[in-house]
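All chains are identified by letter, namely A, B, C and D, in their written order; residue positions are counted from 1 within each chain.
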Amino acid sequence: MSAPARRRLAPDPAEAAREALDRAALERAWSNPAGFVGWLTSANHKSVAIRMIVTAFGFFALGSALAAVMRLQLARPENHLVGPDLYNQIFTMHGSTMMFLFAVPVMEAFGIYLVPLMIGTRNVAFPRMNNFGYWIYLAGGLMVWTAFVLNIGPDAGWFAYVPLSGPAYSPGKRVDLWAQLITFTEIAALVAAVEIVVTTLKMRCPGMSLNRMPLFVWAMLVTAFMVIFAMPAIMVASTMLAMDRMVDTHFFNPAEGGDALLWQHLFWFFGHPEVYIIFIPATGFVSTLVSTFSRRRIFGYPAMVLALIATGFLGFSLWVHHMFATGLPLLGESFFTAASMMIAIPSGIQVFCWLATLRSGRVVLRAPLLFALGFIALFVLGGLTGIMLAALPLDLQVHDTYFVVAHFHYVLIGGALFPLLGAVLFWLPKLTGRMPSERLGRWSFAVTFIGFNLTFFPMHLLGLGGMPRRVYTYGPGVGLTTGNVVASAGAAVLALGLLLFFANVAWTLRRGAPAGDDPWGAETLEWATTSPPPAYNFAYLPTVDGSAPLWSTRERPVVTGLRTDVREVLITDGIDATPDHRHRLDGASIWPFLTAVAATIGIVTALFTPWGVTIGALLGLITLTGWFWPRGAPEHAIAEEQP
Amino acid sequence: MSATSPVARARALDVSALPTIVYGPRAPLWWGVLGLVAIEGTALAMVGVAYLYLRQNFVAWPPEGTPLPRLGAATAELIVLLASVLPMAAVDRFARAERHRLVVLGLTIGIVFGLASMALRALQFAGALGCRWDSHAYGSVVWTLLGMHAAHVITSTIENALLLAVLLIGPVERKDFVDAHINAFYWYVIVGLWVPTYVLVYLAPRWL
Amino acid sequence: MTRVVVLVIAVISAACSGRMPVLDPAGPQAGRIATYWWVSFWLSVVILTAVLAFLLHAVTRRRVLVTPPASPIEDVRTERRLTLGVSAAVGATALTLVVLLVTSIATGRALHTFGGTQPLTVEVTGHQWWWEVEYWDPVPSQRVRTANEIHIPVGRPVLVKTRSLDVIHSFWVPGLHGKKDNIPGHPSSLVLQADRVGTFGGRCAEFCGVQHAHMQLLVIADPPDAFEAWLQAQRRPAAIPTDPAAHRGFDVFMQGPCALCHTVLGTPAGGRTGPDLTHLGSRTTLAAGTLPNTPGHLAGWIIDPQSEKPGAQMPANSFSADDLSALLAFLGGLQ
Amino acid sequence: MKPLALVLCAALALVACQREQRRFSEVAPSSGRPTHPTSQAGPNPAERNAWATSQGKQLYQAYNCDGCHANGGGGIGPALMDARWRYGSQPDDIYASIVEGRPNGMPAFGGRIPDQQVWQLVAYVRSLSGQPRFDIRPTRSDHMAVKPSEQARRPERPQPASQEPR
């Protein structure tokens, strides 16, 4: 069992044979059951993550289709393509889908795929929870999209401001569906966040102290902490909303001492960190891409880490800049203006460090890097308009106009989607074992970049021209036609660019050249294993002594002595990653799926009657009993003490 | 390229001598429960903030026509919960020593305390608050605070009961003791959360 | 890249040909905000240009077009230079932010101050989906209630009190000032002033339901004496029409559906659900800026409001042709 | 799996569309004034639609019904949230009460309130005593109102009350 690592070069045939034996044993221990049931039960972080990424991009396609319909509707004044009722459902679904069903899940999915590989371990800390999280996420998405298809889509905006979203002004089940969507997606997001925190803190390979962690892992760690402290606010708020709507509580009823602003405080206490929850993983992508393709480690690693942490903290202190127009006390507004502007400093540090890395490295201009460079340009522009919005006086003018729409699409598409697309191209060889087309990659970047700017730059001017958000039409002759026409035309170009991108992905899957372990010459541990990685990730867990393990020329020992016949991983100390104990992970199981089904039944029933909560809890009790009931694993019995 | 290059057998890091069962912050599950606690604590804190925020909208607190919440059942529950820390601390300790019978005994006592707490909570819902959840915003927020915390008491008691069943029916595994000690940890948090909840719901109206 | 620049310039020039009320201020409040806009705009242009130039320079220099070389590069002297550079850039960022912060706070304070003149107080209530406007006066009978159009005197500050009884709306007249939300349970206010005669478009800026798009208003700045004359005229109740057609319209109005929701001062009609129609004829638009106020549009609106403004609270009505023309005669007379 | 999902969706669609549809653009003629109530065949469509019932609730205020009937508790007019129905509890009966008026003060609103809105009012009036299905009935208002809300009320079994006024 304790053979030294022989990955590519194995001069000693005896050791090569031993490694082959170990791999065969690991394969048996870590592989999932085959077939449909295996698909439901998977406890492999990679297959769950890929599923989640594919699902998230599916919802992205749906959300984009809605965006296309909105651009068609707004392509000319007083258009009658969709009426106001449908339009309101469309923009609500667009926002909710993109935020809750695409951006957050896809970032966490990348974290779940990459973090165990990057820190050199075999799986995430709670593999069954991981599977549960995926099914809950899928159920939430399917529920709300089914409702939308049935013309019961939520229609009060992704922010669902009360009293508009309350019982008196949103009758029917539309907003209830939105509130339950929140329940679903927040459970999924929180599960993934805890997963990532514990995996990162307890499962890093020996030697990977916190100050040697890849920046992407740092980014995911900060993100996961932000999720843990931000999402409860929206869960509480949406639960209050659901109770106001269903069991007559008065949280938001001004006539009975409730308060409409309470909703806004709770919502934005989540809503603003949410933006950073999407953006921080993207900075992790960019750091990885910039470092790899500059052929040097990222400049200013400690500053980058501190900037991430500072962003994480500051992100919680500026929610009120979404509420400047509500008329809060002046002093408070000045504080929140200052805090909102201050967050530009950590963002600035990151941008400057990337520029310094590019400037001092030897740039290899490959397609994934192009997306990262596009990100820098767009994000700086979006950041600058963000600083404008942080200023109370200017915010009073452009708040809730297309200027804001332009701003947040620059920071969310420019700041998160571009790095994400770059990341997809970059890690596609690892995920699939095949190289994407460089040429298609470059074309898709160019078309997407141009299309994006054509679509969203004019929106700045539309906002200054007085066009508010969330209107289904506008009058002719008020100076809004040109900008809207250009934006709609740009949307077509943007759609073409995205289609090219996904065509590239499809081409890669069918025709891509074999990638090899490390086609980009990257530095982090996921490139030290095969592409795609085996179920157990590494035959022997690596150890590291620096921050760019694959670029180090020093020889490092590998970990031996972990059992290969069961799913055993090495748990290390949280700070300096010294080996602490061996831990057995749970294997594949149907119960997480059944628990997700039980929860779904409960949550959906709760749309109609409060008894749904009880029903869901009872069903959940049954499935959780099945989940945790021991099934006589002899190697854990007291009698059989391990050495 | 160290991780991909051949290494001498002597330089391999052999971890086979490391333990497989550990307790406390060394165990990943402990951290997982800590994450859960952070989430639930934040959620409860948010409702607490909402309570204080809604206070501003009222002249009197509780609002006129609503009596002050009665202290009896809640204070009794506070005592029960604080006392329940003792058996659960025993579970914690005996679990680390893998003392099967004593853990079973401690859990049983813990469950009895949990049931007592639930009964006392039911009494509070039945009348101690002096209003319904749909009376006014005050009613909504105090019912929610109590309800959220009650959900935790119920969850944790059920968890203890399940674990007790596992320990009684078997086959008992060593990791069940890790679970037992983590249940104790979770129970401490629930007792800890009852203190600010109690203060907000029952004492704060007397001061605010 | 050039293509992009050319396109962007084309877009900007195309869009700038339209009117941009935010950048075309007509009063001191909007003026101060526009000044702040230009400060931050030019600073942003400088920063963006600098970053993009540096980025282009960085990636075009020392480029490797082949597959990655094996050994990455880093050397101590370069690192020190980079540290200096990055620190300087961060320092400059902080400095810029301080400048912006101070300017922003100063601008914000200035927005709350106004000259010694006694402001005119107007209470604006947002409804789904129209604006109720009340000119405040210590004598209740002197108060004036109208809808969707606010006349103000040039050169005098106007205290706009915002409130709402249903959902959240936001009062926004970009040529004069920024927004202020109308939130149920949270009355608020802002002070604006017009420095020139003119008509300024405004609208609801907070999503408020199905017809948020058609919740507009007009602010009409008149010379002070013209304003006083207008206000006096608005105080007069409507006269019972003597003209037979209009009188028949009056009957239709009072006995038909209209009076259930609308008020006409001086008549039995006292509904408060819809806009006050006492001086409907003096207004320029119908249905909160949805239609111009012409007899044809008014007729269409009365018969079938839902095709122009689907979801509006006004129901469809059926009148005989005679009744309708009589009603229009009556409504046209409400000057 | 798939056919089952399809069937489920179809069933949902049937149930859902009816209770959720929002029909703004019905160019409904005003209710006939002096004629018989256009008592339609079958039950009131508004009563199977949560949005329409909620519109009825808004109209109940807009048309000042609460001026006499209060929030269902009665005042000048009779209570609407109890089980006593002087002129019948069926939608058609309530329609007739609104359109034709009733002795002792209930005015005739025929010709003043469009038909569609009358039916919405009928649905709401019946929901005051818990008649329509529970997930159609509105929940709490955004103003001071009788508790519990219409949805939380236990449905009353309507009993025709004696004809003489109370």
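In this text, a contact is a pair of C-beta atoms (placed from the backbone, for glycine too) under 8 Å apart; a residue touches a chain by one contact, two chains touch by 3 or more.
Just so you know, these numbers come straight off a predicted model, no measurement behind them.
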Problem - Chain nearest the overall C-alpha centroid of the shown protein atoms - result: A
Problem - Between B-D and C-D, the pair with more C-beta contacts - result: C-D
Practice task
Quick one: report the Å distance separating chain A from chain C, using the average Cα coordinate of each chain.
Solution key: 37
Fill in the blank from the handout: Expressed in whole Å, how far the mean CA point of chain B lies from that of chain D is 47
Problem - chain B and chain C, separation of their C-alpha mean positions in angstrom - result: 51
Completion exercise
Two or more other chains are touched by the chain B residues 57, 134-135
Fill in the blank from the handout: chain A residues touching 2+ other chains are 85, 163, 168-169, 244, 247-248, 250, 253-254, 256, 259, 551
Completion exercise
Each of the following residues of chain C touches two or more other chains, namely 166, 184-185, 210, 310-311
Handout entry: Interchain contacts, given as pairs of chains that touch
Key = A-B, A-C, A-D, B-D, C-D
Handout entry: In the complex, chain A residues that touch chain B
Key = 1-11, 125-126, 129, 190, 193-194, 197-198, 201-203, 206, 228-229, 231-233, 235-237, 239-240, 243-244, 247-251, 253-254, 256-259, 262, 265-266, 269, 517, 525, 528, 540, 542-545, 549-562, 568, 570-571, 574, 579-584, 621, 624-625, 628-630, 632-633, 636-638, 642-643
Exercise for the section: Would you tell me which residues of chain C are touching chain A in their complex? Expected result: 3-4, 7-8, 11-12, 14-23, 30, 32-33, 36-37, 40-41, 44, 47-48, 51-52, 54-55, 57-59, 61-74, 78-79, 82-83, 85-86, 89-90, 93-94, 97, 100-101, 103-105, 107-109, 111-112, 128, 162, 166-168, 170, 172, 174, 177-181, 183-186, 188-190, 201, 203-213, 310-311
Handout entry: Footprint of chain D on chain B - complex, ascending
Key = 132, 134-135
Problem - List of chain C residues in touch with chain D within their complex - result: 166, 184, 210, 255-257, 260-261, 271, 273, 303-304, 306-307, 310-313, 315-318
Completion exercise
Note: in the complex, chain D contacts chain B through residues 140, 147-149, 152
